[in-house]
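In the part that follows, the structures are each spelled out as C-alpha cells.
Same chain, two partners: chain A is paired with chain B first, then with chain C.
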Partner chain A sequence: MGAAEPLIEVKDLKVHFHTEDGVARAVDGVDFAIAPERTLGVVGESGCGKSVTARAVMGLIDAPGRIVQGEILLRRQSQVVDISKLDPRGREIRGIRGNEIAMIFQEPMTSLNPVFKIGDQIVEAILLHDRIGRREARERAVDLLAAVGIPLPRQRFEQFPHQLSGGMRQRAMIAMAMSCNPRLLIADEPTTALDVTIQAQVMDLMNALRRDFNTAIMFITHDLGVIAGMADDVVVMYLGRIVESAPVREIFHHPKHPYTRGLMGSIPSLADWGARRLTAIEGVVPSPFAERQGCGFAPRCPHAMEICRTRDPGLEDVAPGHAAACFLHRAAP
Partner chain B sequence: MDFFRRYKRDKVGIVFGALLVLLYAVALTAHWITPADPMAVNLREVFSPPSSAHWLGTDQFGRDVLSRVILATQVTVRVTSAACLFAVLTGVPIGMFVGYRGGWVEAIAMRLTDMLLIFPIIMLAIVIVVVAGPTETGVVVALGLAQAPTFIRIARGVTLAAKEELYVEAAIAAGSGWPHILVRHIWPNISTPIIVQATLTLPVFVLNASALSYLGLGVQPPTPEWGQMLNEAKDHLITSPYLIVGPAAALVVFVLSANLVGDVVQETLNPKLKKRK
Partner chain C sequence: MIRLIVGRLLFMVPAALLIITFLFALFHLIPGDPAVMLAGDNAPRSVVDGIREAYGFDQPLHIQYGRYMAKVLQGDLGISNYTRDPVVNSVIPRIINTAQLAFLSMLFAMVVSLLLGCVSAMYWNRPLDKIVTIVSLLGICTPVFVTGLLAIYFFSIYLDWLPISGMSSWRHFILPVITLGAFQAAVLTRMVRSCMVDALGKDYITTARAKGAPELLVVFKHALRNALLPIVTLFGLGLGHTLGGSVVTETIFNWPGLGRLMVNSILTRDLPITQGSIFFFAMIFILVNLIVDLVYAWVDPRIRYD
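The block that comes next holds the complex of A and B.
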C-alpha cells in the first residue's frame, strides 16, 4: 500500500450475530486499510463476511448483529472518527453516510425506490448533505446522470426506476452514490446482477469516476475476474477472517494461501481451454457457529499439517506488502 | 388517471359510487336544498303522513322529516369524515413509527393497541363520549380513537414489510434519518392499503355514529342525526310508522354504497384480488 495515510483503517474487527442457534462469528478479526484514491478488492465466497464487513464500515449492523470488538477509523481533515463506536441512529454517522462514505448494492432492481423519479432520488441524496437550492441540486443531478454515461440525462431524470434497464439503474445508483463526492465508495457486488457486457461498462465507469472524483473504492465481489480489472490491492476472506492480502499483481502471480490458490484454480482460462480440468476446492464452508480451532481452512486444505488443526496461523508477511495466514510459508515455527 | 379508468369497468362501482357522490353532494348543499326549515316547529301539523307538501311526513313537533334527513346527511358526513381523518392521522403515524423503530417501543405500543382492540368499539366510544361529553367533537374523538388501533396495526404491518426493502437500506446508507425515510420512502409505498382500509372503515364510522346518537350519546337534539331520528321515531312506531322510513333508508343507502365502493376501490388498487372471484 502507498505511503499515504490511510483513509480508513479497520483494526481487529469482530462482528458477531447472537442468534437462538448460537453465536455466528460473521466477521472474526479483520484488519485492513484503504489509502485515498486506491481500490481495495475484497474477495471470498458467500458467507465469508465480506458484506458484513462493508456494512460495519457504514455503521449498518442491525440486531442481532453487534460489533463486539475492533475499531473502524475514518480519517477526516483534522480528526479520526471510530465508526464502530458511533450510535448507528445518531446524527454523526448520518453525516458520514452518503457524504463521506457512500454505498452501492448488488441489486439495482430493488435499491431504487419504485415510486420516485430517478432524478428526484438523486436530488434527495444531494439535499441530504448539501445546503443548496432545489434548482441547483437538479442541475447537479442531471450532470451526474451524464457523468455516469446515461444518455439523454434530462429525459431520464423524469423517468421511474421500472422504465430503466438493470445497467441503467446501476448507473443511476452510482450517480446517487457519487452525488456528494464521497471519499470512499463501498461497492457490494455491484456487477453481480448484471450481464457481462454491462459488467464491463460499469467497471470502466467506476474506474473513470475514481480518477475524476478522487474516490477510494472498497470493491466486494466473488468474481476474481472483476477484481483483476478493478483493484489495486486485494484481501481474500474466508470464514470471517482475512487469509491473504497483497497488491493485485502479486496475488494473481504468486498466490500463497492454499485457499487463494484454490480460487485461482477454479477460474476457467481461454489459454488452456479443454486441456485442463477446473479444480474445485473440496468440502464446504464450515458453519460460522462452530468453535474455531486452528486454521479455519484446514479441514478443506490439501496441504493441511498437524499444526494447522491446533494452532491459528494469524496473518503474517510472506513478502513485502504481501501477507498470508498459513503455516506453509513460515520458517520453522 | 389510471385509477378512474379501471374503476369505471366495474358496474357496481359506478352505480354505488354515483349514489355515494350524490349523498356527499346532498350533504354539501344541505342548507340550500331542504324543502322546508328542518328546525321549524309547527304544532298544528304534528304527525302528518307523507303528502305532496311533506314527502316523508312530519314528526312529533311538526318538523319536515325530509328536510331533517337531508340536514342529518350533512351532520353524518361531517362527523364521520372528521372521525375517519382523526383515526388515520393518529393511527398511521404511530403504526409507522413503532413498526420502523421496532424493539421495546414497538412491543409496548402493540400490546397497548391489542388491549384497546379487545373492547367492543361501541363500548369504547361510549366511555370516551362520557369523558369528552356528548358533543359533535366528542363523537369525532370517540369514533376516531376507537378505530385508531385498526390503523396502527395496519400501518405497522405494511411498514414492517416496507422497511426490509433494499431501497430503504440504500436510503439509510445515503445518510437519511428516520423521519425522512418514513415520509419520503415508506409512506408512498404503503399508502394503498391504508387508503383501502380507510374506505372500508367509513361505513363502520357511519354505523357507529348513528348507534351513538341512537343511544343519546351522539349529536344532541335539535340537530338531526339519523340514529337520533330513529330513536325518536321508535316511540311512535305504531301510530306513525312512516317516520322511520327516511332516516333508515338514508342510513342503509349510505352504508351499503360506502361498503361496496370500498370493495371496488380495493379491487381497483389491487387487481390481483379481482381474479379470485
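The block that comes next holds the complex of A and C.
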C-alpha cells in the first residue's frame, strides 16, 4: 500500500465471541496496514466483522469477545505498541484511545451522552489527554465545533444532544474525535444513519478533515459507492476475512472477487437512490458460527467450482498491490 | 420547567379533595351509628342523641359532606375521642417522628443501594456481583419484623450495645433505621444494578471509553448520571414504601410515630385520629410524588430545557 512505514499494521487478527450458541468467528484472520495520512476504506455487508475489527484496533473488545490471535501494531517514532496485547481497561490503551486513535460511530443519535452538554463532552475528551486549563480547553472545543461546520458554535457548546439534529450531532462527534489531533481516525459507517443530503455534507466534511488535519482514516462502510471519493486503498471483507484488497482505482476498474463485483452491482445509480439496499448478491451472509469449509463465499457465488467447496482460496496477489481470495484468479488451481 | 412545577402543584388540589372525600366515605361506610361510635358502646341514649345533633349526623349526607370538607380545608380534623384534643395536635408531632425515621432509613438505603448496585453492575456476572445478588435477595425475602426482632436480639439483648425502644437519643435511631432501611436497600440494590447494567450497554458508554476515559469515570459519571433518571423514580417509590412500612417498625421499636398512632387508633376505635392519620399519610405521599417529579425533571435535561 503506501510507501511510508505503516502507522498501523494488523496481522492475522482473529476476534472470537464465546456465546451460548457457540463461538462466533467475527474476525477470522485479517491483515491490513494504513500508512500515515492515507485513507483505507473497509467495505462489506452488515455482519462481516467491520465494527469488531475497528473496536479491536481501539482496544475495545470486551467479554464475551476476545482477541484470540494476531497483532495490532501501532507505530510511534521510536517504538511499536501491540494494541492487541494491552489490558483493555489499562492506562496504556487509555492513553492511545481518543488521543492517537479516535473513533466515530454509526449512530449519532445515541453516541453522545444525553445528559451532558455537547461542549462539555468535547472538553472532557481534551482534558483526558492534554494538560491544559479548562478555559483553554473550552476555547479549543468552540474552535473545533466551528471547524466541523456547526453554526453558532458558542451557543451549541451549551446545548444538549437532543437539541441538535442527527447531522449536527455527527459533526459534534467528529469534533470530539478530532479534539486531540489523532493520527488515526476510525469512522464506522458515519453516514449510514443519516439522510442522503446530510450524508453528502458529512462526507464533504470528512474529506476536508483528511486534507486539513493530515490524519490517517479507516473508513468503514457497507456501501462501495461512498468509498470511491474518499479512500486511497480498499479492503473488502466477507465473513470475518478480507477477500480483496487494492488501491481504490484498481478496485473500481478491475474488481476481481465475485463478491466485490456483486457489491459493485448493488451501488445504486442516481435513478434509484430511493430504493437503496437493492442487493445484487443472492442469499444472505451465513452465520459466523458455522465451521468454515473451502471458500466462505461459495454458497452464494455464481462461479463456484468443485475446488471452492473443499479448499480455502487464501488471499494472494493477482496484480502488484492487488490481492484477491478466489480460485478464478489463480494460474492453475 | 416552570409550567411543569405549576401543573404538578395544581394537581395536588383535586388529589387532596379526593382524599377528603374518601375519608368522609370511610366514616359513613363503616357499619354502625357514628354517634354511638363517638359516644362509646355503653353511653346512655341522651348522650348519643346529643352527639348526633352536635356533630350534625342527623343532617342529610350531602350537607354533612360539605361541612366536613369545609372543616378539613380549614385545618380542622376533629377531636380525639379519648384525649379530647384536636386531632391535628396529636398527629403533627407524630408525623415529625415518622418522617425522621423514614428519611434516615431511606438515606441509608440510597447510599447502600447506589454503592452496591454500581459495584454489582461494574462486575456484572462475576463473583462480586453474585455475592451482592445473593445478599440482596436474602434482604428482600426477609420480612421487616424478622429483621427487626433479629436485630433486637443480636444488638440489644446479646451484645447489649443499643437500646430497644423509644427515641430519646441518636443511639435509639440506629436499630429502627437499619431495620427499616435494610429491606429498601436490598430492593433498591437490585434495581440500581439493573438500571446501571442497562446504562452501561448504551452507545454513549462506548463513546466515553473511546475517548480514553478511565472505567471509574465511565461508570460513576457517564452511566450513573443517566441511570439516575429511572433511579430517582425508584427512590421516590422506595420512600413511599418506607413511610408505609414504618408502621411495623414503629410497632416493634415502640417508636412514637404516625404509623403506631394510626394502628392504636384503629384498635381503640378512635375514628377521628384514624382519619387524621390517613389524611396526613396521603398528603405526605402526594408531596413525595411531587418532589420526585421535580427532581426527575431537574435531572433530565430533555425536560429541564424544553
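In this text, the second predicted complex is superposed on the first by the 323 of 333 C-alpha atoms of A that agree within 3 Å, B and C clash if a C-alpha of one lies under 4 Å from a C-alpha of the other, contacts with A are read in each partner's own complex, and residues count from 1 in each chain.
By definition in this document, a residue touches a chain if its C-beta (ideal position, glycine included) is under 8 Å from a C-beta of that chain, and two chains touch if they have at least 3 such contacts.
Since the model is a prediction, treat every value here as computed from it, not as a measurement.
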Report task. After aligning the two structures on chain A, examine chain B and chain C and state clash or fit. Result -> clash
Query - First (chain B), second (chain C), both or neither touched by A:His129 - result: both
Report task. Using the touch definition from the top, say if A:Asp31 reaches chain B (first), chain C (second), both or neither. Result -> neither
Report task. Kindly classify A:Asp312 by the partners it touches after superposition: chain B alone (first), chain C alone (second), both, or neither? Result -> neither
Query raised in the report: Taking the superposition as given, does A:Gly98 touch the first partner, chain B, the second, chain C, both, or neither?
Result: both
Query - Which of chain B and chain C A:His162 touches, first, second, both or neither - result: second
Query raised in the report: First (chain B), second (chain C), both or neither: which does A:Pro114 touch?
Result: both
Requested in this report: Take the contacts of chain A with chain B and those with chain C, and give the residues found in both.
Outcome: 58, 60, 89, 94-99, 102-103, 105, 107, 110-116, 124-125, 128-129, 173, 176
Query raised in the report: Which of the residues in chain C come into contact with chain A in the complex?
Result: 202-204, 206-215, 222, 225-226, 229, 299-302, 305
**Report entry** Interface residues, chain A side, partner chain C - complex
**Finding:** 58, 60, 89, 94-99, 102-103, 105, 107, 110-116, 124-125, 128-129, 159-160, 162-163, 173, 176
Query raised in the report: If you look only at chain A, which of its residues touch chain B in the complex?
Result: 58, 60, 63, 89, 91, 94-99, 102-103, 105, 107, 110-116, 124-125, 128-129, 173, 176-177
Query raised in the report: Which residues of chain B touch chain A in the complex?
Result: 103, 165-167, 169-178, 180, 184-185, 188-189
